[in-house]
Amino acid sequence: MDISNSDRAKVLVQALPYIQKYAGKTIVVKYGGNAMVNNDLKDAVMSDIVLMQLVGINVVLVHGGGPEISGMLKKIGKESRFVDGLRVTDGETIEVVQMVLAGKVNKDLVQLLESYGGRSVGLCGLDGGMLKAEKLSDDLGYVGEITKVNTEIISNATSNGYIPIIATVAGGENGEVFNVNADIAAARIAAEMGAEKIILMTDIRGLLRDKDDEDTIIPVVNVSDVPKLQNQGIITGGMIPKIDCCVEAVRRGVGRAHIIDGRIPHSILIEMFSDEGIGTMLY
Amino acid sequence: MDISNSDRAKVLVQALPYIQKYAGKTIVVKYGGNAMVNNDLKDAVMSDIVLMQLVGINVVLVHGGGPEISGMLKKIGKESRFVDGLRVTDGETIEVVQMVLAGKVNKDLVQLLESYGGRSVGLCGLDGGMLKAEKLSDDLGYVGEITKVNTEIISNATSNGYIPIIATVAGGENGEVFNVNADIAAARIAAEMGAEKIILMTDIRGLLRDKDDEDTIIPVVNVSDVPKLQNQGIITGGMIPKIDCCVEAVRRGVGRAHIIDGRIPHSILIEMFSDEGIGTMLY
Amino acid sequence: MDISNSDRAKVLVQALPYIQKYAGKTIVVKYGGNAMVNNDLKDAVMSDIVLMQLVGINVVLVHGGGPEISGMLKKIGKESRFVDGLRVTDGETIEVVQMVLAGKVNKDLVQLLESYGGRSVGLCGLDGGMLKAEKLSDDLGYVGEITKVNTEIISNATSNGYIPIIATVAGGENGEVFNVNADIAAARIAAEMGAEKIILMTDIRGLLRDKDDEDTIIPVVNVSDVPKLQNQGIITGGMIPKIDCCVEAVRRGVGRAHIIDGRIPHSILIEMFSDEGIGTMLY
Amino acid sequence: MDISNSDRAKVLVQALPYIQKYAGKTIVVKYGGNAMVNNDLKDAVMSDIVLMQLVGINVVLVHGGGPEISGMLKKIGKESRFVDGLRVTDGETIEVVQMVLAGKVNKDLVQLLESYGGRSVGLCGLDGGMLKAEKLSDDLGYVGEITKVNTEIISNATSNGYIPIIATVAGGENGEVFNVNADIAAARIAAEMGAEKIILMTDIRGLLRDKDDEDTIIPVVNVSDVPKLQNQGIITGGMIPKIDCCVEAVRRGVGRAHIIDGRIPHSILIEMFSDEGIGTMLY
Amino acid sequence: MDISNSDRAKVLVQALPYIQKYAGKTIVVKYGGNAMVNNDLKDAVMSDIVLMQLVGINVVLVHGGGPEISGMLKKIGKESRFVDGLRVTDGETIEVVQMVLAGKVNKDLVQLLESYGGRSVGLCGLDGGMLKAEKLSDDLGYVGEITKVNTEIISNATSNGYIPIIATVAGGENGEVFNVNADIAAARIAAEMGAEKIILMTDIRGLLRDKDDEDTIIPVVNVSDVPKLQNQGIITGGMIPKIDCCVEAVRRGVGRAHIIDGRIPHSILIEMFSDEGIGTMLY
Amino acid sequence: MDISNSDRAKVLVQALPYIQKYAGKTIVVKYGGNAMVNNDLKDAVMSDIVLMQLVGINVVLVHGGGPEISGMLKKIGKESRFVDGLRVTDGETIEVVQMVLAGKVNKDLVQLLESYGGRSVGLCGLDGGMLKAEKLSDDLGYVGEITKVNTEIISNATSNGYIPIIATVAGGENGEVFNVNADIAAARIAAEMGAEKIILMTDIRGLLRDKDDEDTIIPVVNVSDVPKLQNQGIITGGMIPKIDCCVEAVRRGVGRAHIIDGRIPHSILIEMFSDEGIGTMLY
């Protein structure tokens, strides 16, 4: 990239209206996919997050960690079993899930963000009683459905100048721990905090009219059109839970929900600081 | 225990001068040993901690987790190796250490304390750049010596009404993670926060003049007498690091350091709320 | 009382749920009867009050002082005359009432509470225009009925960390001073402050079904059952104004009103910190 | 007084520089003598005080009450006995002193000031442990010498917008109450609060060179000249303790001390809001 | 003026109820006419304003400056032209208007007020986007009608202890500047700030029943009687816009609007601090 | 400028370390020269300023206005006369200077900055008694030398979220107004506010070793080398006062002083947000 200092200044100035628009607002980023695996992409996400905080945005980072969980389970000789895309979670598994998400993935992200000058704190749904859940189905074991969200500890972090990074395990009524869907958790947290937008980082361009042709991306979707798009077979497969999460967020009051392609470096900033944005936006 | 309501009231009233003495002060509890394994003892510690917070004391809980780490390492087929009582920590081991301490032990304690009505938050040395360390010795791998302590994130937690629970892994200059001694970490944190006292929970009565006779407990030790006691062979074996930690804390300005017997239920409260105290006190 | 340190700790821990329940709440104690005369009982009340403040309860102490008033009147050679249990109060008498209540009884209590480490301030209904009253009946002279309650000066005291102790004389529209019923004043102050409960200290066990048999105590009364109990002759004599005061408090929004036996040491703590409580509770 | 509205406005405007000079400062007024007995003078003092508060001055009113005490003692058939101008104070007497000062004189002033729209609170040296004293001499009984002054409760009152009115009884180490000199108490309180000035209201013009000729008033005295004036016999009799009190205040850091003639209506305002002032000023 | 100190004190005390009435309230003064030209009158106004601030009133000073504008236009050889009493304002004229009002008249007043010890800040309708306007009529050029009022910058000034002085030019949507009527601007600002009263300084006694006889002044007018008074020919000529401004203020919620005679020294204080007031009051 | 969204994001991210470095710091910009005349340059400066505020920098804008003053003087038929580069300023001239600087140039900048979304307030040295001056020389009339700087009103503006824009006229002891050098005023304000840096916008590249060759720019100068550079004839002519101003600022504690070329668009941002910076830096 060979850009003169003069052009650099112009680029900064052109970001002005976007910065003004989001200053003081809360943005929840659901972090996942390739952007959490590839080191260059990770670096890009971290710098995006720190920049957002510096220009006055309250960023909340919610993450999952499926591959790391599977890796660890394999290490202890336990096979991962899935039903309808959900991990069957026995007592030994939930221990690993909690350990890997809240102890490894979460705290590694904290350390990485701190190395970029972003003061951050790693939380999970157990801290301050943030996420409460109950058993989703007897077949799935410790897979939970969120019943209560208390974001006080998250707000304390942002108002003290820290970026909260959140691992999505939740507490049960009787001291159990539940594995909960990270997308849904992010949507619920965004709604509870009155977030301006939620951004889901995925490994696809966005919602495609023809799933084999990236040029058929649908940039904007009104949530009321979602049933029709499902009937038309445009929302299918792995896209269903992503869209569901966006609908959940918008229905609960979040201004906008974005499905963006985490494989593109700085896709968050591109979404935030350009008119055309990137990926698919639901409102 | 068959105590009349009238006697109960008297007991409460007799705790008054101790409560007045510690209100608004910071007490660091280094939690470990049997008190972290036995469920009844765990329950007793949790209620002690919550009570202390309610009567206006800022409690900070620092914990280790050796047995859980060894258990997990064994599960993945890795043997624990120790040199001079320190765990040799290769790259795979430090990952497990971090995961178990910050993800399992720490967050389990958070959930347990919350179940007692104590609002708490689980932190590790990586959060907010709390603990910085460098390699202690090439032979030991990722075993670190603390070089910097920043307790801002701990103070934020207490002033927001949360009990901070701290897992003692530390960050390195180049993004590494180090396993650091939890006793020393507790001593450093206590000193940095200007704590009134630090309480080390152990599995012994205290410092014994004759290690086989619990009746020979030495209740009070001036830190300047420590070298003499070492020469006399009274401070030996596993007691050496405990005493070192106490000396470190007192030398850095903590008022008093206590070695108490965690096997006795409510030993913390007994220490805090009686004249005679319990265990050995260094000043 | 021979209780081991271990049992003492257990007692403290068992008080935990009660402390959690009342932390941050306001409790008004109407102090009177034997508990204000007997020195041991006085000491017990003072320590109860200080303990309650330390565990985060806003305690407000309202007192009368009939015996001291009568004593002083006698000293100046003036006989006390009562109509329907109310002291006939001429100009000279009201001066003595004010002097004894606000200058002697009140400030003595302040000094006693301070000696227990409780920072306190002695107020009367004239301070900050707290209590306004008008003449109750021409026959009674300066006996007043409360017309206005302004608790700002009380709230200032509690929020500055002082325990307010209140003598119940009230100001009139034209600069007169009125003697007002301390029970009613306490009920009105409790209501105005949104108190959690009001506790009336008396010299009886509580409301008795058979007034000669303390075993027939009625532990709980719904205020809507009061008329029936009056018709049945269970609420009679000196109990009538006590019950009226409780009804007044509950009707105006105070959660619960308690009639307790001040002759039992630490009866306040027993009421606050046990499940069964003590005396009779109206709600 | 027949003054046009136009001249009234001019008078207000001419007070401007004085108001600017004292805004935000603390002024302690020692109230006593005729100004506390005569109703017109009392009214004038009250309005002066309220006006001072309104223009941003923190006024603290300290009072004695000798005549009322003597009156009450007489009523109970007890003769007042004085040694060197100090009242011999046995146990019965100190009770009356406390009662009259803190319960009668003090609270009457509160009510009077409230009637002028000045929010006020009546305190004595026992409240918040404000004044501590020890026995002055065995011959005098409960006459005390001030050993400690804690003005926190006074500052709380002024910062909450109340005018503190203070009766000068003090607490002893063992629960006794002492009668302390009100002038000295005012001087000590003024010093402790960093007051700009202390004003002593008396029944004389000020310090007179010839005590029989009011025209010989000495308007300004440097405290270092006091010994000389004593030697010259100019400071004698009742003037000695007044001057001592002023010297005490100035020596402890109060800017200026004034002895003014309380028999002149609004003498406080005249002192505060004119160049020439009134009475004698020590600096 | 030969008034004794004693009478001065009485005058101050008699101002007490008025000061109490207005403490903490906002008063908008529209400054203009002779009181802005004559030096003695200017001095009187400044001292009135500073005094009002000192006794706790939030004063906001709004001014015009017709004569100075005309003077400057004449200097640059430009004739002032008026249509229906409104200055026809071309591009060159509005530049002069802005310069003279915001740069000369405004800042001169700031300096004068500062010389009286009143901390003040000179603002115009452009600062902080305070006044927004649109073109009133094509014939009049840059004469604007106020469309939006934002008083945040004024409130910041008063809460920081400064007296805001305001020049009434307003900003347009496209970067133009408009000359707006200062009376109306004052009325709108007063309404927006929830002012207690607005005072218009004029060169007449008030509203006169017979415009040639100052003794026929109408002291009080209910705004609902204004149409009748217009029909009767009592409100005519230059009085029409003054009355309109008062009606505007009262209709928008300002308690009272006063038309006072600025030629009388200290007319503001006379209005504020006497029962009979001065001039005509609309409510 | 044809830059992809991806490259734009990279540019933003590369500004991160600079933003982190200056967040919370104060930067004083002395605005002048071509950058104040050319409309495109003006727009660029405004957007630079707003951007700096948004990323957490406290920007203070100080301006002169020589050309506008000369223009206005010419309009009223008054010739500008200079002695040693200083405008001879008689009574009529200083009126014009004040009017043009504080009323025209200043408020126009306020309006322009507001149109970019930057909340701003226009102040001059008279507001809040910010700048005090005395006559520099009898020959120059109302040309002043700064004697006192009070930046409280500037700090209030920044802490309330406004960008202060400052016209450099100053008040005299006797109500006169003085024209003071804007560069020096900026340096004094920067020093008083503990600014991190001061940036002087000029119409030259910076300090040139050979004044005819822009490639000989000296990027960094230690203030201790200034005398030598003067002796060598490198600092000459119009550069002397610029360098003097920088030396003044650095000597009084400002970290760095920059002379930058205001003819280059966004030169402020280039200076702030690149390693190489622009122009000449003194430290």
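The chains carry the letters A, B, C, D, E and F, assigned in the order they are written, with residues numbered from 1 in each.
Everything below uses one rule, namely that contacts are C-beta pairs under 8 Å (C-beta built on N, C-alpha and C of every residue); 3 or more make two chains touch, one makes a residue touch a chain.
Please read these numbers as outputs of a predicted model, since none were measured by experiment.
Asker: Just to be sure I understand: going only through chains that touch, what's the smallest number of steps from chain D to chain F?
Answerer: 2
Asker: In this assembly, which chains make contact with chain C and also with chain D?
Answerer: none
Asker: Can you name the chains that touch chain B as well as chain D?
Answerer: C
Asker: Going by average Cα coordinates, which chain is farthest removed from chain F?
Answerer: The most remote chain is C.
Asker: Compute the distance, rounded to whole Å, between the mean C-alpha positions of chain A and chain E.
Answerer: Their C-alpha centroids are separated by 57 Å.
Asker: Go ahead and note the Å separation of the Cα centroids belonging to chain D and chain E.
Answerer: Centres of chain D and chain E (C-alpha means) sit 45 Å apart.
Asker: Report the inter-centroid distance (CA atoms only) between chain A and chain B in whole Å.
Answerer: Chain centres of chain A and chain B, defined by C-alpha means, are spaced 35 Å apart.
Asker: If every chain is a node and every touching pair an edge, decide which shape results: line, ring, star, complete or other.
Answerer: Graph shape, chains as nodes and touching pairs as edges: a ring.
Asker: Could you give me the chain order round the ring, chain D to chain E and onward?
Answerer: Here the ring order, chain D leading and chain E following, is D, E, F, A, B, C.
Asker: Give every residue of chain D touching chain E within the complex, in rising order.
Answerer: 1, 3, 5-17, 19-20, 23, 44, 47-48, 50-51, 54-56, 116-117, 264-266, 269-270, 273-274, 276, 278
Asker: Taking the touch rule as given, give the residues of chain C at its contact with chain D in the complex, in rising order.
Answerer: So the residues of chain C in touch with chain D come to 72, 75-76, 95, 98-104, 106-107, 110-112, 114-115, 119-124, 126-129, 153, 156, 160, 162, 169, 171, 175, 177.
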